[in-house]
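Consider the two complexes below, in which subunit A is the common component and subunit B and subunit C are the respective partners.
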Partner chain A sequence: MNPEYRLHHPKWYRRKVPIFWWLSKWSYMKFILRELTSLAVVYAAVLLLLQVVAVSRGEEAYANFLAFLERPGVLAANILIILGLLFHAVTWFNLAPQALVLRLLGRRIPDRVVLLAHYLGWLTVSALIFGGLARL
Partner chain B sequence: MADTVAIEVRRYRPEEKSEPYWQRYEVPFREEWMILDALNYIKDNLDGSLSYRWACRMGVCGSCGMMVGGEPILTCASYLADHLPGPIRIEPLRGFPVVRDLVNNLDDFMDKLTAVKPWIVREEEKPLSEGEYLQTPEELDAYKQYSMCINCMLCYAACPIYELEPAFIGPAAIALAQRYNFDSRDQGADERMDHLSRDEGIWACTFVGECSVVCPKDVDPAGAIQRYKVKAMTQWYKSMLLPWGEPKR
Partner chain C sequence: MKGRSIEPFFWSLFSSGGMLAALVLPALALALWVAIPLGWLQAPSHQNLVTLIGHPVTRFCLFGFIALASFHWGHRFRFTLYDGLQLKHLFGLIATICYGGATILTAVAAYVLWMF
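Moving on, here comes the complex of A and B:
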């Protein structure tokens, strides 16, 4: 007999959630990675701002900034950051159809169409930016 | 093919031991058996003290949900053969307190469900003499998916947020709130929004998405919650940006 037990007094059991609960399943891990890679988005935005600041300070400051970016350590880190950004963007886009339930002519627009529209939008914006840069 | 298969059940008998433990049983292997049939075999032939819930045996009542091999499933709807070679590990649903063996206490879900008013709310009931509230097939289609929920609570067991933040209202209750919000006869959307647009309501959800993966009825609670967030956000923007605010429906 368990000494802590009293008849007719329910003694419920609740497990303690392990700290590394998210390692137990790939889908949980993917979720944690998706959330963590949002830091890569922050990093990319800050990097862009620093670049703008460097440009505004003149040619020498910008050359220094570019030299900093070309350091092997920084280059390697930025490649990782880009991979993180891509992971974040793709996993985020893949979730969009679940949140966007749109109807056209009385029928739900299929998930694939919503997804495709997102990727097309991404491509279009990227093409516009690169096209604009090429003309400069 | 093996004649028997090993089943390991997570047992909790508070009057005997304060911690749960694994108990192993050997049951005959039959190709047509579901996991639930194996549990019934144990109960009838090997150990009558094993406790678990079940009723309909056909995926409708939603009482036999358990963790099998770490995944929340309806044990009446999953073949023993799909979990070979074994040992097949069966645990109570995650996230809910365990009363005994495979039996969870579900009061928390029941309270949360009631709080979202899962019924048709009318500002004013029309008199019976005016007849029923009519609905077109398109209007039925708008909420039908969410009405398929059988309250089996597999979505809660799959949701890591619910286990970490037990105050979270949770997938099924929010999906059922949406079932009525999207019903053309209902007028309770604003009341439900007041209750659900809180930290422990829709905003606690971080869109892990596993609730929709494990749902045996394809209700897609994750989608229902994200649609709620979109609605709450557009309402907020309208109330901030439009001089006349968001009109109540």
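Moving on, here comes the complex of A and C:
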């Protein structure tokens, strides 16, 4: 954490910042959108768990769940969620070279290599998921 | 400050959850919740899913993934509220709601997957 960071202290002078400060600039907006992708992540975790529950309750419950996923409103919401998940993935991998400083034989591995490795990993995992589900 | 020492722990959960979510979720969500409902991909049969989820390794992976994704949300959303809505003075309340919510979701996942 930033060493300059201080908890709120009412006695100190602080400049008033409007609640919607992040609407004033596109880069601020992008930051807040990036942070809000955590909602898409937790939504996906919950939906995945609900799908497991449906499977555990038997064939009919599973069929009902599949029918629920086909509803236009649900489908549209899920597509929106996937856009959020993609934004999470891209912003996450793009920050990886800064978060992950790796050294090999005393030299820092270039950012491009770290970035490429993450995108290749993403591609591989995605292909495995699609391949696996198609065979199931 | 007392809470500061536990911060790296929550950060590591946030970080591993974020990495797993980035690697796995776009493809998984696209396949399960768009490709299958639209008929691009055949829905797996109930029997095959029971066999798959019935395997302890699958359930362990699902549990780990859901737990880490929950704490990823808890940690990130906590700071979204602090910074985005300037609620730093509600420090304790927000931390309790976020990590508490993540803990509850993790417990529910453990229960569901244990009883499967």
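Assume the second predicted complex is superposed on the first by the 122 of 136 C-alpha atoms of A that agree within 3 Å, B and C clash if a C-alpha of one lies under 4 Å from a C-alpha of the other, contacts with A are read in each partner's own complex, and residues count from 1 in each chain.
Following the convention adopted for this analysis, contacts are C-beta pairs under 8 Å (C-beta built on N, C-alpha and C of every residue); 3 or more make two chains touch, one makes a residue touch a chain.
Given the structure is predicted, the values throughout are model-derived calculations rather than measurements.
After overlaying the two complexes on the shared chain, residue contacts for A:Ser27 are found with subunit B alone; subunit C is out of touch.
In the superposition on chain A, A:Val17 makes contact with both subunit B and subunit C.
In the superposed model, A:Glu35 makes contact with both subunit B and subunit C. Between subunit B and subunit C, the partner in contact with more residues of subunit A is C.
In the overlay built on the shared chain, the residue A:Ile79 is in contact with subunit C alone; subunit B does not reach it. When the two complexes are overlaid on their common chain A, residue A:Gly106 makes contact with subunit B while staying clear of subunit C.
Shared interface residues of subunit A (contacting subunit B in one complex, subunit C in the other): 1, 7, 10, 17, 21-22, 35, 99. Residues 1, 7-8, 10, 17, 19, 21-22, 32, 35-36, 38-39, 41-42, 44-49, 51-53, 55-56, 58-59, 62-63, 66, 69-70, 75, 78-79, 81-82, 85-86, 88-89, 92-93, 99, 121-122, 125-127, 129-130, 133-134, 136 of subunit A touch subunit C in their complex.
Those residues of subunit B whose C-beta lies close enough to touch subunit A in the complex are 12, 14-20, 70, 94, 97-99, 105, 138, 160, 163-164, 206-210, 212-213, 220, 222-223, 226-227, 229-230.
Residues 1, 4, 7, 15, 17-19, 21-34, 36-38, 41-46, 48-50, 52-53, 62, 65-66, 69-70, 72-73, 76-77, 79-80, 83-86, 88-89, 91, 105, 108-109, 112-113, 115-116 of subunit C are the ones touching subunit A in the complex.
The part of subunit A that touches subunit B in the complex is made up of residues 1-2, 4-5, 7, 10-15, 17, 21-22, 24-25, 27-28, 31, 35, 95, 98-101, 106.
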